[in-house]
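Right after this note come the structures.
In what follows, chain A forms one complex with chain B and a second complex with chain C.
Here is the complex of A and B:
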């Protein structure tokens, strides 16, 4: 890979290389990193409990990780960050409500939700992928609004679905499911509490992190497989891929399927760790935070790796976790939310306006 | 609807067109008018099942046309300049709201307050538009998604300024505007002093026989909108208007023929942002109070959905389509909750359906455009 990047040009000197790396990393990411360090220093000065903060960073890292991983197949197959993530998320939520309706509990409920959700999302991803091939060049804009319309269409579904489980319907009757469903008696924390241990006051959600690591390894392995490399080629240069005999459209559909399946598993893990299931408008903006996370990790609109996803999720979630109590002590609680909006959308804007090599090759 | 009929009759009147071409034109006529026709049918069905009386419905439509048309028309110039749907008009709306904060703070009432708000919003909107244009120029081909994200980003900055700087770094004289803590604007800002400043200048009541309620027409507001339409019409006849069009048709050819494309694109966005600011000011003087943190959020989405429902596309829009779209979209707004209740026994379903249509119509219109663009590239 390294040889390929050099394209037979003379090797660059070390200084140039560092400059290249710094340029690739980008000023916004330095600002974000600096901001995080500032926050941590502030937290230390304000006397916040470091082990507690670290514990929640770890939990939130594992909780959001798979949703961010879902960006990788989409970006690599050349369809840009997956703004239509709510599609897969909705499939995962449908599977979870079904598991409650069928009165499943514990690990089996979790595995059923993840598996069935992934199946539904795979089907949805296939159809969306076929549709997406018709709108090449506008995937992001179309995806944003298709995602929004799926969420609002599902609102009608949640209002009319004839589920009977008393945990999901409103306590005083009426039609439709509750806005927030607690998973306390279902599968909340099955991963978080699995093999979890305390070290120096930090609670490590081992099961959750292992599950995330498993998916990281799977994605990493897939991206190195024949099909993964073909997908990367399709993403980086569709014309070249086509002339090399690859079926561009099929690989793009495959990217969409994998991305949506990861999204479904991701939301099940998210709900498991969070302990609540958010219906209706809950998933509306989830795609933006996932997109922002992977971009913070160093991905671009055309290239993303597992490392980008891991670093990005860690940085973004750390900022969220640390900024909340710091902002609470210094100014007001709402500030953390405002900071999150500015950072996540700022980094997306940065990625959108960056000139990329080989743009618009179709 | 009339234009569809016209095209069909002219086609019937001229037989010697080769069949393939005729087929194509019929399909084209259907496709270009299918969207408004479809929504017209939905509106009529919805209006029937909502059980609202016709005078009430007409009254509501007049009110909503008067307050929303300006915002929708502000989208036309960037569409013709080839920049797609300007989701960045959210920034224009913010400029209008900032101007309102100033005039409410100085307690300038009535038409003078309204005029001053418009004047104050102008430099702000020009500045925001210039920034947006710059940003769009460095994201060519991705203007729409950039506009959407820019709207979210700007909303974050807007919240930062209004929650933490107002009353703090920016002095506010009127204590009712602030949260009791001493800084940060309240959730709603009262615009009572400028309520109906424009609408109430001259109101004509048209009484309908057989109904107690007359239809109230805010003549001046509608005259302002008409003036904008006429001005827009003439703008496209000027050199600048032609440059907008040329840029929209083909950036490279325009560049070669001596048009400063980047400058024209920025100018198009500035026009749009300023119009959006004034549109939002007209909108808010009709409402009479401002949801500080929410009034601007959906401005882009609603305006875009309206113009698309009127039959516009990402690269083509007329004033007629903008007005038609506003009419249909807001009729749907009025009737959908009640129609949902009467048809499905649930108010929420009608509401969700409307939200779904708002987002869905944008998704479908964008998809259709990308689809056509792809077909064009292939040939």
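Here is the complex of A and C:
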């Protein structure tokens, strides 16, 4: 095997190797990482509390992680980053409002929301997947607009839904749910506070991180399974997959189902950690942040791994957490949100401009 | 045209070709696919593809003066009209509009006086008159010039293209690139008659084809190209169909063959029987093919491009919609079902290596094993769910890399970075991993260099001799088929034209490839 290592190829020089490493890591990631380091230095200089920042980073990392994992089945099955994420998110929110209406609390409310949300999202994902097979090549654009439409449609739903729980309807009565619902008495913090401990002033949300880790492992295992590999083949080259006897359309539908199910679980985890449930226009741009995260992590429009999701979520969320107080002290109040939008749209734009090979050209 | 040479990326496709076209004469250029006919015409017509790839050397003279043709517009201005192999017509427009496309007759109106001539109105009656005249010259007085092009029979579309060219007043030379390929026989005869009439009117015609009888019927001068070389230029009087066929095919490659060259373990048992196969593969349609594959043989499938040889394997392996009957080892196989085809012990190495054969951004080991994993449950470990068995995959990939001598940095290298020959070896390894009884290999040496060609062919022979795999190899390179096959089937017009032993004469191969057998059969009946 040793003689295989450099079979017929000249040994690479040191400089080339460094260039290769940089290329593999990706220029955008270098810029983002550099920016993050800059921010951290600035935060230190400005005398911000490091343990507090680190704690926030860990929390935001855990709460957004599963939403980013939801990108993996979509990208791997060849439909590109899942811009129609609000579909699954909405299903998760419906399940959560239902759990409140049913007066459930604690871990059981959380598990019910995640489970029932995933079920709804699976059904929605199936129908969207079937639809998606009719718009091949346009998945990202169509998905973005379907996502927007779903959010708007659900605005009507929220005003008409006959839920009666006083925590959800407007304080002055009438029909319709509030824009923001607090989960304080429900399941806020059930994961964050589980086995949580403090180390040198940093609060570690152990339960949250463990739950994210569990989903990472599940996703990783699935992607190594026969079905996951079939999905990768479909995404990587649909003609190759056909020649291997796979049903391309069915696997694309499966990718959509899994992605939406993860999205539903993801939003339940997000709400649990955040402590609030945001209805109406809340989910509108969530897809963009999740797409940006996985792309920052090194995924392309055709290939994504769990590692990409983990690295990407960490970098993206870290920048948000650190830039907020720094920007507030140095420039103006709202800059953090501007930074978030610039980074997320910028990285999506960058990914879209890169040439992607292996499109079905028939 | 004098001493034209052209290189594509260091690959010389034209090696000094000179032709002289006289006014009012029909000049034919014949040759196999890839002989350089189309390249020569692209140079004459100033197609951008020529200039984007470094131009050409040699000179073009018109009426004794050297001319520079750097764009199709230059060619049109010089009076060169081209009728392409693929139709360049706008289907939604009428015949008259197509004929007059970009040369519309216009008259000024109010808007155009203000904003310039681009906004002038179309003079439809004048355009109709001109189109009518052009169509009449072609003997199509019954065709209404206002019909939309979409829905016309292909033969008529061809005439519309020619009408467009002769309507240009300056046209002195008309280039017809395989105009009869899409025509029925009676349409082709009308076209040939039209060509003679046009020549009589003083237009020179450059006629490119591989139907040899047509060449002899209409042209005065004939040039035969082979591998970019001008092998002969003859007067029609000196030529015959068999002489042209022999010149066209030639012997291009000395026998590649296996070194030991034991006879293949060939039996008389039919392994696969193909009956009345029809495959709807664009550009390579199969139209009712009957073919038997014997167990243990290497069967070559040859023929000119576009006649359906590529469609056969794609149809059998379920890549394109197919009809007909397949009987493998006595059992009928369902068509249009890639999974069943693979499970029944067949494997396929696609002609489209990068488009179908490989996952370009995945590793060598992934490429080799995933197909077998999906349809034969290999390389899996069961732990509740079936997980990929990384160890088994790695062991298999290393063995294949060693056995097939794949030059790479290791099994994890992504296949996009491999050379064409090594990519082809990965494709073959993928097929071998399925442990097939019958392997279809399409165009295995397309786009790989000469040294790698021999290795790939040797590999196929080894597969046949050592593992007893029946091989069906489809190739445009006849010499390659003749060097390793036991029998060679020639496909013409989507059907089996004939089966020859590899040592049959060049003339026989040339005649089969040009479809002369079925032509003469038709005449006899």
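In the analysis below, the second predicted complex is superposed on the first by the 336 of 362 C-alpha atoms of A that agree within 3 Å, B and C clash if a C-alpha of one lies under 4 Å from a C-alpha of the other, contacts with A are read in each partner's own complex, and residues count from 1 in each chain.
By our rule, contacts are C-beta pairs under 8 Å (C-beta built on N, C-alpha and C of every residue); 3 or more make two chains touch, one makes a residue touch a chain.
Fair warning: this is a prediction, and the values are worked out from it, not measured in the lab.
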Per-residue contact with chain A, leading partner among chain C and chain B: B
Which of chain B and chain C A:50 touches, first, second, both or neither: neither
Touched partner set for A:107, first chain B, second chain C, both or neither: neither
Which of chain B and chain C A:159 touches, first, second, both or neither: first
Which superposed partner A:123 touches (first chain B, second chain C, both, neither): neither
Touched partner set for A:42, first chain B, second chain C, both or neither: neither
Chain B versus chain C as contact partner of A:239, first or second or both or neither: second
Chain B partner contacts - residues on chain A that touch it in the complex: 83, 131, 134-138, 140-142, 144-146, 148-149, 152-153, 155-156, 159-160, 175-176, 288, 331-332, 334-335, 338-339, 341-342, 345-346, 348-349, 352-353, 355, 360, 362
Sites on chain B touched by chain A in the complex: 135, 138-139, 141-142, 144-146, 148-150, 152-153, 155-157, 159-160, 163-164, 184, 344-346, 348-349, 352-353, 355-356, 358-360, 362-363, 366-367, 369-371, 373-374, 377
Residues of chain C touching chain A in the complex: 317-319, 337-343, 348, 350, 352, 355-362, 370-371, 373-375, 377, 380, 385-388, 398, 401-402, 407-410, 416
Chain C-facing residues of chain A, complex: 1, 4-9, 221-222, 224-227, 229-230, 232-233, 236-237, 239-240, 242-246, 302-303, 357-358, 361
